[in-house]
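Should a chain be cited, it is by its letter among A, B, C, D and E, assigned in written order, with residues numbered from 1 in that chain.
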């Protein structure tokens, strides 16, 4: 068994990588779902929701087929990348749904005002849409990250349980429970909880930084 | 009986997931015989043992290896003297279609490619596989290429998809998987005997129905069902 | 009326002719806006805001064309649609639409930052001071009062130095003092920077104080357009203006500014008129606003009246509008006087007759008195 | 001024004295509102909206008390705070605050549904028709124009038959015709149902046309309160009103309604006054609004003037306010006339002198001409 | 093995029961997090997020200790109730976070307007807050329900994998994979996907029903 520290560092690396993969895609999809009146809309919704509908182990088998030698992405199974990918896919629907709720709350009037002030759609996205949806986007990221940290079923199937290489916190905990090593399991559970709380603290700090947004109407009845 | 729900005399048996089909079938036969309903909860053997330890309701257990049963015995969960050996299984090396037959387990050390085994920490099958490598003197040679998987099925899946070149799995699992080929049957002497033990859980003296059911499984009627599914009943 | 601007009859800066349906309502308009200040008015729900949104590119018409300075902004035939950020049209939203996640300063500077340096012609600092926003710069829009929000919205639209400025009821929620300041500042901005403006208002005196042209909407259609004085007398418009006074806007030159208790004097047409004191320099051009209802006609030379002005002129027209009769009296420039039919009868007024315009100094407002922008 | 209401000097319906800090701004006010209509005015950002929110219970003061009809709504000493839904105070929000998820009809009926049947005194159908909302009932608030939203907000607050009605700039975005209708309807509602009202406005003529009392805020403090005519002449208020005309509101009785081209006649004080025609019955009470700046003083009996009215009176006061001098002339009731200092000098006007009030029929507005509620 | 139909019906029953437990609690917690300035706020946030931070299997073991023979709620382990409880706990953090985002987008001004019109806080909740947050609340419910339908790790530990009694869809899929019966496993995966899509369709229908809400500012710039 690898040391607790190795496990924690690996878990963080895997979860961060998962977020790097999931967040841009999630934002793009949420944006399309909220702002575009596509005909393929429902299909996107369905595909995005799938990973939520299936037990992670099944997703793991699906990924194993994709990443195996016979699949298009030969040789990626049983690597840290596979673990990140599994986490990203499992976290994606949660992130997308939360992003959708956050973006739906943004009044398009502000986006139009920004455009009439000379901002092109990209600028509007960066200066208006994202800041206005900030709280919700942060919440979605939090959910996604914490979910990625706790991902087990898909990961162990597609990435295996290789200490030091793919054994993340949940896998480590599971292994120790199965082995009857309760003390070690409790230690890792405590570490998981600590990590989640640390994430929450960072989230709250970022929220406070994001200052004004989300409080838009709290203060007065003037305007 | 003291399982829960399902009627007063129904019993609950926690059994290794690899026995699912077999036991459900045997359960029906037993029910027709005795008029008593048997319910099963299937899972990984180690997990089942943990569940019993933590207070899961159950009348009997059937595991895919001795270790979890040893643990339950050690913690006095099992009715003394009720343990018996029900079935045997074999460990085999599988590979994807193209690989050549092996003549010895140590051949794997010289061949490249990843080797999927159930995680020795998680499943008895993994333990047997590790013992076999160690006995063949090739554990050091293959350790870095070993992929510990969730369970035997996941090891089969890894080979089936080509993510691993070889796998060490039970003969019964290899038999039902279509895309893999048995390359080598590991001699039984290389590892602890692969025995499926059964026992009665020690709650209020143990369930009489459970006793009868285990007896049924160990008898001829049960043996027929097991054989139909590729197992070797110990009683034969 | 403003000598700096081409006459509204010359080629308009903005030409539009389009239709847009929204629900039961259809806006189907054609017209043009000159390089001056155009007042857009009409009853509640007549389509004013919709028109402005279409011009700014925030709404897309269903059909038709919009042409700014010869460039197509929209043309259904060729599927042309210039996006709003390329139009450089400033819009003061009726509801403010301030960015809730930025403080006042960032709101004001938003458009400014996106304006190429060589096109920045408006002095933002000055706008901020004039609109009394200096102490609000760090505040969040959610904490502003109604009038404060409106002022920030005006500053934000001005700061982008727009090529055309659309103002949707910018004066709602402003008190009289601020309204006067903002009005004369807008007029000044227009004159100095030549920014054409379209100005939605429900206050006819505001319109008259500011506009070179007027366009009246009703039920989604243009019912009248042209010079304000003409538009206001248009029978099609009459019904919409009930209860609103008609105002004369007369170009004049300061003779004496007055001050320290003394009245000022302004030359308008052939007449010297006693006005409230102002801080203008002698010879400065000035606009004198005088309500048509605040003038009394006298057939003989009046005496013993508190009214300081009694100006001789010639009645050139007598036109019944609604329940009133409007007399146009020439004193070098035409001046409208509102009379009751009874009054016309009692004095047996008729065209070609000489008469005195009697009005009080305090009825006069001098416009364009804003601090220099 | 309205004979149906107790004088504003009698015990107020609502007494308040409290402070509330928000950011740098502190509202620290004491005063009372009578059972009539009280006009609340003051510059942008002076605390009007904050005051109304505190009265309605939407904001909680930091300290002090608010008492409605002898019942504590708020008292810091005893930690009393009556929640807004128990106050039955209707509020027309400056920004509308219509429920975006309900159609217009559900918005209007929201408060009505929560009013016990025996307390429903306002005829909702009638309000809806009067405010021109009938065709909008199924529409979503997001699709309304600015003026339409405002009208729905007014209807919504009225439909709950409030015990006190607070109106925060209800007329912004309304055109002149609607403004007149709404004003006279509010006056009617007040008279028929006895609902006291507090009315925020930036238009002094609106205030004068409607209010029995006035309260002026500036910088979070009450700078003046009392009868509107007195408040408007208060030197402390003068600076805030610059550019706004002062209006006389005179109680009168219809002598002849006029019509068919003929003028009407109204008795005010000792004088018969020629007015625009109206559809009132003879002997109906009426309020005559007449701007102080629209009256000319004549020392001799005037002749040959288009002005139909020349009413003899006695100058009882001459008071300089701002740059003007206000004369109070008694014609049975006091009438304010705005004069320039120059005019006063030229005619050597002084107290005790007789003089004629000269003004035009078209300067007069007759109020309370609304359809019956 | 029990029939596919039995499994589907049981899964639905378990997931619906899970929602009945989770939704009111989630709403209450979200409401407190958004509207109250409690000191214990962070604690609530942390407790609510925990189930997300831990692998479900760990949650399952925790529940087993509570519901097992040695715990205070003896006799509840290995029942459908245990399965529902496990699903509810695992789904709760997702629902709460989405509800928080949805409620944060509700302008308190509308709530105050409703109160001044005579509605008490409960009426305001029902007539203003919930309808205004409708889209987000629905999204949270959707996420929670689909997550409950796919719950595996905690369920198998605390409720066992008893065909006909606690074998939900994910457990059924797992069992069939273990038995090597790929065809049956694929069939159940297909059923899971179909269920998720049906849920999405219901969600979209409800959204359309909820009509006005969420589109509040789309139409015009008037007000």
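Keep in mind that, in the parts below, a residue touches a chain if its C-beta (ideal position, glycine included) is under 8 Å from a C-beta of that chain, and two chains touch if they have at least 3 such contacts.
None of these values were measured; they are calculated from a predicted model.
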_What are the mutual neighbours of subunit C and subunit E in this structure?_
A, D
*Just grab the chain with the largest centre-to-centre distance to subunit E, centres being mean Cα coordinates.*
C
_Centroid-based (C-alpha) most distant chain relative to subunit D_ = B
*Provide the C-alpha centroid distance between subunit D and subunit E, rounded to the nearest whole angstrom.*
55
_Need the CA-centroid distance for the pair subunit A / subunit D, whole Å please._
58
*Separation of mean Cα positions, subunit B and subunit A [Å, integer]*: 37
*Using mean CA coordinates as chain centres, what's the subunit B-subunit C distance in Å?*
90
_Going by the contact rule already set, what residues in subunit C reach two or more other chains?_
22, 49, 58, 93-95, 97, 143-146, 148
*Find every residue in subunit A that makes contact with two or more other chains and list them.*
57, 61, 109, 112, 174, 177, 216-223
*Which positions in subunit B touch two or more other chains at once?*
47, 50
*asked:* For a test of understanding, state which residues of subunit C touch subunit A in their complex under the given definition.
replied: 56-58, 83-85, 87-91, 93, 95-103, 110-111, 114-115, 140-146, 148-149, 156-157, 160
_Which residues of subunit E touch subunit D once you look at their complex with the stated criterion?_
109-110, 112-121, 123, 127-128, 131-132, 134, 212-213, 215-220, 222-223
*For the complex, which residues does subunit A have touching subunit B?*
1, 57, 61, 64-65, 67-71, 74, 77-78, 156-157, 160-162, 174-175, 177-180
*Which residues of subunit E touch subunit A in the complex?*
42, 45-46, 49-50, 52-58, 61, 93-94, 97-98, 100-102, 104-105, 107-109, 112, 135-136, 139-140, 142-143, 146-147, 149-153, 169-170, 173-174, 177, 189, 192-193, 195-197, 199-200, 204, 214, 216-218, 221
_Residues of subunit C that touch subunit D when the two form their complex_ = 22-24, 41-45, 48-49, 94-95, 132, 135, 139, 143-148, 150-151, 168-169, 172-180, 202, 204, 240-244, 261-263, 274, 276-277, 293-294, 296-300, 302-308, 323-324, 337-344, 346-347, 349, 358, 360-363, 365
